[in-house]
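Given below, in the form of structure tokens, are the structures.
Here chain A shows up in two complexes: once beside chain B, once beside chain C.
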Partner chain A sequence: MNKEVISDKQGISIIILYMVGTSSIFMTALEAEKDSWLAIIMALFMALIVAFILARIKTLFPEDDLFQIIEKCFGKFLGKGIILLYTGYLFYTGVLVLMNITQFINISSLDETPEIIIRVALMLLCVWIVKEGMEVLGRWSEFFVIPIIGFILIFICLSIPKMNIHHLFPILSVGITPMIHATHFVFAFPLGETVIFTIAISQLSVKKSYYKVYMTGVLIGGIILLVICLTNLLVLGINITSGVYFQTHLTASLIDIGGFLQRIEAVMTVVLILAGFIKLSIYLLATSMGVAKIFGRPDYRFVVTPVALLMINLSVILFDSIMEFMKWDVEIWPYFSLPFQVIFPIIILIIAEAKKKRTKNSIREQTCP
Partner chain B sequence: MKKLFLKMIVLILIAANVFMVSGCWNYREIDEMEIILGAAIDYDEKSNKVILTAEYVKRSGGGEGEVGPEVVKTEGENVFDAVRNLVIKTGRKALWSHTKVLIISEDVARRKEQLISIMDWVQRLTETRDDIWILLSKEKTAGEILEMGIEAQKMVSMDLTDLLKNEGSISKFHAVPIWQFIDRIAADGISPTIPTVHKTLTEYKTMSEIFGTGVFNKTKLVGWLNGAETMSYLWVIGKLKGGILVLQGNDSNETGKMSLEIQKNRTKRKVNYSEGEITMQLDIKTTVRIAEIGGEVNYMDESATEKLENDAAELIQKRVDDVITKVQQAYHSDIFGFAGVVERELPDEWEKIKRDWDQVFTDLKTDINVEVEIRESALKSKPIKVGE
Partner chain C sequence: MNTVAVIFLYAIIGSIETVSLYKNNPKKECVLYEIALLTAFIISLLLSAGVELPNPADYIRHMVERLVG
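What follows is the complex of A and B.
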């Protein structure tokens, strides 16, 4: 397998785009109502811990991706099983992301275009970039991360005249249970999803900088989400925010500076499509790598197209309507993803640490008997 | 070489396709659509039907391409039915993304289901934008406001939009975009308002005017405020940006009427809570300038200025107090958003009184402190002198 090396900066860019991706349009922490921004802060701390665990795993095995680490830790048979589970999870989540993006485009702007057309068009580009490899993805992200953050900043600055600080008060009014739920949801999607980068970003040019890349990426991505969430809450207030699907789109559409600078929502749509494209590509890449690993093939490229086509198929048959989709997305998915995001990484870390220690000891025993 | 040539051909074909298949799935030229500028919605009780009056841009051909208004009336079971029935009349599909104003009639405003269905339709439809201005017709129907544009050959919706944008200098209405209206309906305790639009007949032509406010109790229209009361309402909610305060003359010191132009206003609202009783405290700080003097008194004197400031403060306090009392006694509807202040400052107490807020609001005591500051007197330093 030819190793694909990307720089630290590219790695961070990918993670930021990934975090901003679909979540800049959907707000996931609405359980906590006015305090959803607090939920995001709490989730960000949790996500940093998970990122730290994953970075530690990667530092122990700097040459391998997560699948190889799993095989090394659990052995061939059990390892294959876990890889299969992971691949299924990634595949399924990839389908959800695809549906998120296309449903947004379909509902907000191209409402008479059949959704399948948008899906196929988007997926074709993803297949292309994934076949080109991680290095191209990295360079693409490095280039686009600046305009995307710029657009978001412009959006936030232009929203300032419409903000009303009273929308946030009183703080901590919902109680502790909804708060924990909301924190969990934000953590599950998208802040805690760092695990995918242990698969996708398999090699960094400067070794042992995984701590830096994962944690900076998650931190910046999380802060952007936090600011977007605050903007939406400040402009719209919780009553409207919880009543519409695409809050950022609505907030952007309210911007009106001097009667000529208006209808900024198209810019936010572009941000979503660009960042969502990276997100989808990463899922496609990781799923393909998983499938290739299960069948013991060194290169993943041969399965990219079939996986993409399967994703499109599944996205068509999975849900009947956006209502059903949202219900699933909000109520079930966070629990479904918890083992993959937190429990497995912790188990892997423990076993990896133990293994590392033992090999070190045995090496020491061999060298100085 | 041949292979390269083939490759080139394929590439050119693909590139050519880009131009052919670009654009939306449901691409429509602009001449296949009717651009709706404003809509008015009425409700006919007898037939239980919604009547939609839509004003759209009429394009006449020719080089210059003049535009004028065209008004169409349709009926339907509910709003969207009426909207689709537009196609029957005009032959083309309507484009709602440039709609500026939505006028509703009193009949609609008094019926909860009608009002909710309109709001829901606006927010649900992809094309309509949530920052459409909403207006309440003080005439018999909402449609006649738009219809008068045909005669005068001007676009009423555009005029109304221009007028709404000048809220700051008139302060006799409070413009409300539809998203804010919906937000107010959803908030606990607080009730929304809508500015009212009138039709006035002068000798030569009919004109549209916006002043005054329709007061809602949640989704039901309960009463009205006139232009002056609306200004006091703006004082209470702290959204006053300008406008004129007229002081009545005083016979003893030979002053006529005086105009003070409001330059800046800041209203701070607080809750005072003691022994189970809530008092709403309003600290109003207004900066004005002398804009017109009808007498001979020189207000450049410090003592005279002070007196003027006190008079103005007294007047403001009276007007603000009047409007609060009127809304409390007659309408029992918290359009000032006092509920929000209580919720912010006394969250625990709010949980208890939330259920019967309307009653609490009716009995709510207010404590109004007004401070007026005269900053300048425009170009003149003294009033016009009348010789002996």
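What follows is the complex of A and C.
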């Protein structure tokens, strides 16, 4: 069995890019209207708790990925069932991510190209990088994380002249219930998806640094998301923000420094697509690992291409238009993903703690009767 | 036209991947790969012929709505 070991810095960069990709293209917490930034802050706290739980699970079994931990905790039969559910979830989410990126490319830049061509081209790159393995993915992210964050920071600095602080007031005007809904949605869409890293990042070079990697990654990714959301709200105001699908793209297109520096949105598009590419690759990787695990195969590489082709097929079946897609995303997605992001990890943690305690006790009894 | 393109694409993918697959992997992996690729091929063919396939998004919607209300 070939284990792929990556360093802490690479792990953190993968998580940051993952959090920035697709979720920063469009704003996720629009139910809370002007207070979506507050919803992101609240969701960030929840996400940190989930990251802590997952890091605890990984510290208990530092050698294994989540699938092996599930098999150890639930036994062969029930474990296979849960792995099957998880693989289905990852596959389906991967398709949603693929559709999201291609719709963004299609609407923002390549509007004459059929979407299927963009999907096939993007998937081809993903298959390539996933076949090269997690280490290559780690090095790629380590290299690209600085330019991507740098461009986002430049974008934010350049939009300062267009900002209007009154777009944020009054605070908490919509009430508490939409806030909670929006928090749930932000948690479900980018911030709570840390669970995938317990599958994809199967081993870190320093065994005890899971807490550091998961929590730093989620924190930095969440802060970038928060800043992008604030920028969009400050520049566009809530009326325009809730009227378009890709707010960041619109905000970037408004930048105009002295009539000289304009049309930044092309750069922003490339940056967001790069981050989305990492996200899609990680989903493809995790799904392939799940499929290989279900059939008891040690290596996942052989199944990457068929899984990618099936993803493209499903993306054609699922939704006809972006309206349908967004509606489904807002109404159903947070409830669909909740068991996989929160409930299963908590159950796994409880069983894992109990198992570890029992093995420790039995070792103690054997050594000193 | 679409069907021809799909067959052509899968033929290319299959011929590129199969050679290295059979050289480097045990038999079980190869069988699994062929089954998965065949499934993808059949779905692609049906889609390119314009057949309406069942949409999993609807089932998930029904399931979630029944559970959450």
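In the analysis below, the second predicted complex is superposed on the first by the 369 of 369 C-alpha atoms of A that agree within 3 Å, B and C clash if a C-alpha of one lies under 4 Å from a C-alpha of the other, contacts with A are read in each partner's own complex, and residues count from 1 in each chain.
Everything below uses one rule, namely that a residue touches a chain if its C-beta (ideal position, glycine included) is under 8 Å from a C-beta of that chain, and two chains touch if they have at least 3 such contacts.
The shown structure was predicted, so the numbers you read here are calculated from the model rather than taken from an experiment.
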- Message: Let me test your reading of the model: by the given contact rule, A:S108 touches which partner, first (chain B), second (chain C), both or neither?
- Response: first
- Should A:T59 be classified as contacting the first partner (chain B), the second (chain C), both, or neither? neither
- Message: Contacts for A:R297 in the overlay, against chain B (first) and chain C (second): which applies, first, second, both or neither?
- Response: second
- After lining up the shared chain so the two structures overlap, which partner does A:Q68 touch, if you call chain B first and chain C second: first, second, both or neither? neither
- Task: Tell me which partner A:L250 touches in the superposition: chain B (first), chain C (second), both or neither.
- Result: first
- State whether A:S7 touches chain B only (first), chain C only (second), both chains, or neither. neither
- Message: Once chain A of both complexes is superposed, is A:I317 in touch with chain B (first), chain C (second), both, or neither?
- Response: second
- Message: By the touch definition at the top of the document, which applies to A:L309: first (chain B), second (chain C), both, or neither?
- Response: second
- Query: Where on chain A does chain B make contact in their complex?
  - Reply: 107-114, 117, 166, 169-170, 173, 236-237, 239-240, 243-244, 250, 253-254, 256, 259
- Touching residues on chain A, where the partner in the complex is chain C: 92, 120, 291, 295, 297, 299, 302-303, 305-307, 309-310, 313-314, 316-319, 328, 331-332, 335-336
- Task: Flag every residue of chain B that touches chain A in the complex, lowest number first.
- Result: 24-26, 123, 126, 129-131, 165, 177, 179, 182-183, 186-187, 340, 343-344, 347
- Touching residues on chain C, where the partner in the complex is chain A: 9, 13, 17, 21, 25, 28-30, 32-33, 36-37, 39-41, 43-44, 47, 53, 55-57, 60-61, 64-65, 67-68
